[in-house]
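Across the two complexes that follow, chain A remains constant while its partner is chain B and subsequently chain C.
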Partner chain A sequence: MKIKITSIIVLIILAIVSLIYLFPIYWTLVTALKNSLQIFTYPPIFFPTKITLSNFYTPGNVFGAVSQTAVGSIPWMIDSTIVAIIATLLSTILIAAPAAYSLVRYIKSIWFGRLILFMTMIPEAVFVVPFFLIVAKINLLNTWWGLIIVYISFTAPFATWLLMGFFNDIPKSVEEAAQIDGLSPFQIFYKISLRLVTPGIIAALVLNFISCWNELLYALVITYSPFPSGAQTVPIFLTSFIIVEKSFAWGGLAAAGIFTMLPTIILGIFAQKYLARGLTMGAVKG
Partner chain B sequence: MSEVIIENVTKKFGKNVVLDNINLKIDAKEFFVLLGPSGSGKTTLLRLIAGLEEITSGSIYIGGRKVNNMSPKERNVAMVFQNYALYPHMNVYENIALPLKVRHLSDDQVREKVKSISAVLHIEDILDKKPGQISGGQQQRVALARALVRDPSVFLLDEPLSNLDAKLRVEARVFLKKLQKEVGITTIFVTHDQAEALTMATKIAVLNKGVITQVGDPYELYRRPNDIFTAGFVGSPAMNMMRGKIRRSYSGSGWMFVNDDISLDLNGIEPNGEEREIFMGIRPEHIKLVESGSGGIDSTVFAVEPLGSVTYITVNVGKTQLILQHLGEIKLDVGSSIKIQLDLNSLLFYDVTSGKRLSTN
Partner chain C sequence: MRMNRKYKIGLLFALPIIIYFLIFFLYPLVSLVQNAFTNSAGTFTLANFNYMLRDRILKISLENTAYYFFGSVALQYSVGFWVALILYNYTGRLTSVFRTIILLPLMISPVVIGLMWMLLYNVNYGSIDYLIRIIGLPPVNWLGNMSIALISLIIANTWEYSPFAFLIIYAGLQMVPQQLYEAASVDGLSRFQVFRYITIPSIRASMIVAFLLNSIGVLKGFDLVYVLTNGGPGYSTYILSFYEYVVAFSYFEKNYASAIAILYLLIIGAFVFVMLKFTAVEEYLGLRKIKE
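Let's look at the complex of A and B:
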C-alpha cells in the first residue's frame, strides 16, 4: 500500500510540472487560433469554441496597423535553418568530437575539461561587442558565415564537454584491442570510438541546433536583413510582432511562434531518447 | 621462431616500482603462465610484452627481434583481454575481420580466414550477431578468434577465464589448452588462479610484488616451492605452515622440530644449515589420521568440510591449526580428539628471515 501512495504523489507532481512546462505552448497554440477579439477578452478563453487560421497567413490587423504573418517567416526560416545546420555540424563533428577525444585519451587533464565547461557558462552579452567588431572587420556582417562563426564559438565548447563524458565511458581495453589489431590512432578514433558515442553526438547535434535556432542577441547585432540579401534569423522575425502601433500583434506573434517552433519540436521528438542520455550524462560527469 | 625473452626489465609508474629487474625466457610454442596475486605486476608485464606500456629499463625480444620501440602492430602479437574488449558496434564477423582488413587483405581472403577460424572455435552460427547478443562463453571464443585469425607470433591472454562461471571455466581451461597445442603458438597467460596455472601451463612464473619468486613446471612448483610465498600461494587448500625451531634432537643423532605445541622427531631428515627459526610446511594430503594407540600427534577437530570425494578436516594442535585431506567421507564431531601423523618425507622447511627453502638430505 505504501508503494502505491508514493507513486501516486509522484504522478501528481509530474503532472503539475508537465502542465507548467506545456501550458505556455498550449496557450501560444490557442492564441494563434483565436481572432483578435477573443484574444483580448477577459476572463481569458482557455478552450475556444471558434477557431481561425487567419493569423497564419493573413496580415494581422491590430488597431489599424498591418503586421507580418506566420507564413511570411519563410525567408528568416531559411537563414535560421542554414546557419543552424552548418554551425551545428561543423562545431559538433569537425571540432568537438576530435577535441573531446584527444582531451580524454591524450591530454587527460580534468582541468581542461572544467575550463571548457566554464566557457559555456559565460553570458552572451560579454562577447557581443567583440564578436561584432571581429565579424565586421572580416566583412561578414549580415552573412551566413558571419553568424556561423559566432555560433561555433558557443556550440563547440558545449558539444566538447558533452562528448568528453561519452568518450570517457568507452572502456580503454576496446581501444587497446584495436591498437593491437593494428589500427592507427586516427583509425581507432574514426572506426571505433566515434561510432561508440553516437548517442552523445546526436544529443550534441540536437541541443546545439536548438540553441542556434533560438539565438537572438548575436543575430540582432550581426545581421540586419533577411534572406536573400542578408542573414536575419527567426527570433529576429518574431520581434517584429512586438511593436505594432504601440501594441503587440498577439495573434500573428502566436501563429509565427508556433510555425517557427515546429523544426525544433520535431527534432526534439525524434531525438528524445538520445537527449535523455545526453543530459543526464552531463550531470553525472563534469 | 617466436620465443620471448625478457631481459632485466623494470617498470616504474612515477616513483612506484611495479616490476623489478625481471628476467624470463619463454620458449616457442610454450604455454607459459604468469601467476600472482593482484598487484603483483603480472598484467603490467603482459602489457609491456604487448607494447601497450613503455618499458622503463631493460629489453624485450620477440622471435629474436628487440621490440622495445615497436608498436603493438609491428610486434605481431595478439591479445585477449579480461573483458574480451570486442567492438560492440560490429557483428562477430566484422570483429574477427577487422585485423585482416587493416592489413589490406582482399575480401575473399578475409572471408576464407574468418570462416576457417570460426570453424575451429565453433562460432560459425553467430557470425551475424553483435557482441551484446551472445553469451559470455561465445564472446570469449570470438575474442580468441579475433586474436588468432592473423597468425600472430605470440598469443597473450589477460585473465580471460575470470568472467566465466565456474562450470564454464573448467570447460574453457581444457578447451584452451587443447587449442593452444593444436595451433602451436607461443602463449603467455596471466592469472591469479593457481588452479588454472597448474592445469594449463607447461611452465609457470610466480610473481609477487613485482619480483619473480620462482619459475618452473607445475610439478616443480607444487612439490618444491622455493620460497614461502610460492609455497603458500600454489595449491589449494594452502600448505600448512608451522613456525618453530629446528634443532638437533636431545639424543644427539638426527634433528627435530619444536614449537610451543609440537615436538616432532625428523627421523633421518637433515635440513642443511644450523639450528634456526623456520617455517615448516606440509600439504594437507600429506597429513593422515591415525588410529589411537599408534603414536601420532594429539589434536582437536575444529572444522569438517565434506566435498564428496574428499573431506578437509581442520584440527587444532594447541594454538597451531592444520588442515588435512582425508579421501572419501568421514564422520567426525567438532571438538572431538583425534590423532594425526605427518609424512616426514613431504616436509618443507623455510628460513624465517629470507623465506627461502632449506634443502634437505
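Let's look at the complex of A and C:
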C-alpha cells in the first residue's frame, strides 16, 4: 500500500515537471494561433476556442511599414541550412575524423586532447573580434563562406572530441587484422575505421548542424547589415523581427518562433539517442 | 625507427587540425594580444588595461556575471539533479515520454527561447503574471525592473539548460549496478542511507561532468541577454560576453574589447584549470583513455 502511494506521488510530480517544461512552448503555440484581440486581453486566454493560422502569413503593420512573417523566413532558413551543412561536413569529415583517429591511434598526446577539450569551452565572444577582423580583411563579410569559416572554429573541436570516444571503442584487433592483410594506414582509416564510427559521424553531424543553425553572435557580426544581405541566418531573422515588433505583432512573432524551431525539434527528436552522448561530450555512452 | 614512422603518419592525419589550430586558436590569440596592447593608431600602450581598473560598467558586468553564474548553475544543477532522481524512481510506462518532454528545451534555439520568455514575462498579457495575481501577489515587471531582470534571466536560463544536467545525471543513475541496491536492502539500510552511501558515490562522475558542462554553458551565455533584455534596464543585465560585444560592435573600440576578451579567456581558463586540477573530470570524460 505504501509503495502505491509513493508511486502516485512520483507520477504527480513528474506530470507537474512536464507541464513546466511544456508550458512555454504551449504558450507560444497558442499565441501564434490567436488573433490579436485574443492576445491582448485580460485575463489571458489559455485555451482559445477559435484558432487562426493567419499569423503565419499575414504581415504586421508598424507605422505603415509592412513587417516580416513566419513564412517569410524561408529564405533565411535556406541560408541557415546551407551554411550549417557545409560547415558541419567540412569540419567533421576533413578535420575532425582524421584528427580524432590520429589522436587515439598514433599521437596519443594528453596535451593535444586537453587543447581540443579547451577549444570546445571557449565562448564565442572571446574570439569574435579577431574573427570579424579577418573575415573583413578577406572580404567575406555578408557571405556564406564568411560564416562557414568562422563556424568551423567551434564545430571542428567538438566533432574531434566526440569522435575520439568512438574511435577508442573500436577493438584494436580489427585494425591489426587489416594490417596483416596488407592495407596501408590510410586504407585502414578510411575503409575500415571510418566506417565503424558511422554512428559517431552521424551524431557529430546532427549536433553540429543544430548548433550552427541556432548560432547568433557570429552571425550577428559577420552579416551585420540592416538589410537582408543574402547570407543572414534564422537567428538574425528572428532578432531583427523581435526588435521591430516587440510591442506589436506578438502573433506574428510567436508564429515565427514556432515555424523556425520545427526543423531542429524534428531533427533532435529523430536523433535523440545520439543527443545524450553528444551533448555530454561523450560522458554518457549512448 | 618504427616509432618514428608511426609518428609521421599520425602527424599526417593530424595535419588538418594543426592548420585549424593555427587559424582558429593561435591567430586570434595573437591578434587579441596585439590589439589589447595597442591603441587605435597601433602604438604600444597599457591604456586598455589601465582603463579596465576604472571601468565602472566592466565592474558591473563582472558582478552581474558572478550572480548570473552562481544563480544559474545552482538552480540548473539542483533542478536537473532532482528531476533525474524522480524520473529514475518512476517505474511506469511513461518514462520515455517524460524524458523526451524534459529534453525539448535542448532542441530549441536560444533565440526562440528568448522569444518564448518575452511572451511569458509580459506584465499585462503574459501568463506568469496572471498566475501570480491569482495567488494574490502584486504583478511583477519581470524584464523592466532593475533588481529583478537578472533573476528573470536566470529563471529562463534554468528552463533552457536544466535538462542538460538532468540528461547527464539520469544517465549516471541508470548505470548504477542493481546489485548494490539489493545488497543495501539485505543489509537493511534506510532510504536516506541508500541515497547517501550508494547512489551519490556511484554517480559522482556524472555529477562532476554535469557541473563542468553546465558551468561552461552559463559562462558562454549571450543569446538570452541579447534577446530578452539587451543588457537593460540600465546596465542591470550586462554580463561579460554582452559587454564585450557592445564595446566591440556598438562603440567600435576593438582594442579595448580585445583586452576584455583576454580577461574573459583568463576567467574560463582558470575555471577549467581548477576543474582539471582538483577533480577527476578528465578521467570521467575519457581523456585518460588516449594513453592506453
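What we mean here is this: the second predicted complex is superposed on the first by the 237 of 286 C-alpha atoms of A that agree within 3 Å, B and C clash if a C-alpha of one lies under 4 Å from a C-alpha of the other, contacts with A are read in each partner's own complex, and residues count from 1 in each chain.
Note that contacts are C-beta pairs under 8 Å (C-beta built on N, C-alpha and C of every residue); 3 or more make two chains touch, one makes a residue touch a chain.
Predicted model, so just to flag it, every value in this text is computed and none were measured.
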item	value
Combined model on chain A: chain C and chain B, fit or clash	fit
Dominant contact partner of chain A by residue count, chain C or chain B	C
Touched partner set for A:Q187, first chain B, second chain C, both or neither	first
Partner chain(s) touched by A:V71 [first = chain B, second = chain C, both, neither]	neither
Which of chain B and chain C A:R195 touches, first, second, both or neither	first
Contacts of A:I8 with chain B and chain C, given as first, second, both or neither	neither
Partner chain in contact with A:Q179 - chain B first, chain C second, else both or neither	first
Contacts of A:V126 with chain B and chain C, given as first, second, both or neither	second
Per-pair minimum CA distance [chain C against chain B, superposed on A] in Å	6
Touching both chain C and chain B, counted on chain A across the two superposed complexes	none
List of chain B residues in touch with chain A within their complex	50-52, 71-73, 77-79, 81-83, 85-89, 98-99, 102-103, 146
Residues of chain A defined as touching chain C within the complex	7, 10-11, 13-14, 17-18, 20-25, 27-28, 31, 39-44, 46, 94-96, 98-99, 101-110, 112-119, 121-134, 152-153, 156, 160, 164-165, 168, 185, 189, 210, 213-214, 216-217, 220-221, 224, 234-235, 238-239, 242, 246, 250, 253-254, 256-257, 260-261, 264-265, 267-269, 272, 275-276, 279-285
Interfacial residue positions of chain C with respect to chain A in the complex	6-7, 9-17, 20-21, 24-25, 27-28, 31-32, 35, 83, 86-87, 89-92, 94, 98, 100-120, 124-127, 130, 159, 163-164, 167-168, 171-172, 205-206, 209-210, 213, 216, 219-220, 222-223, 226-227, 240-241, 244-245, 248-249, 254, 257-258, 261, 264-265, 268-269, 272, 276, 282, 284-291
Complex contact set, residues of chain A against chain B	171, 173-174, 176-183, 187, 191-192, 195-196
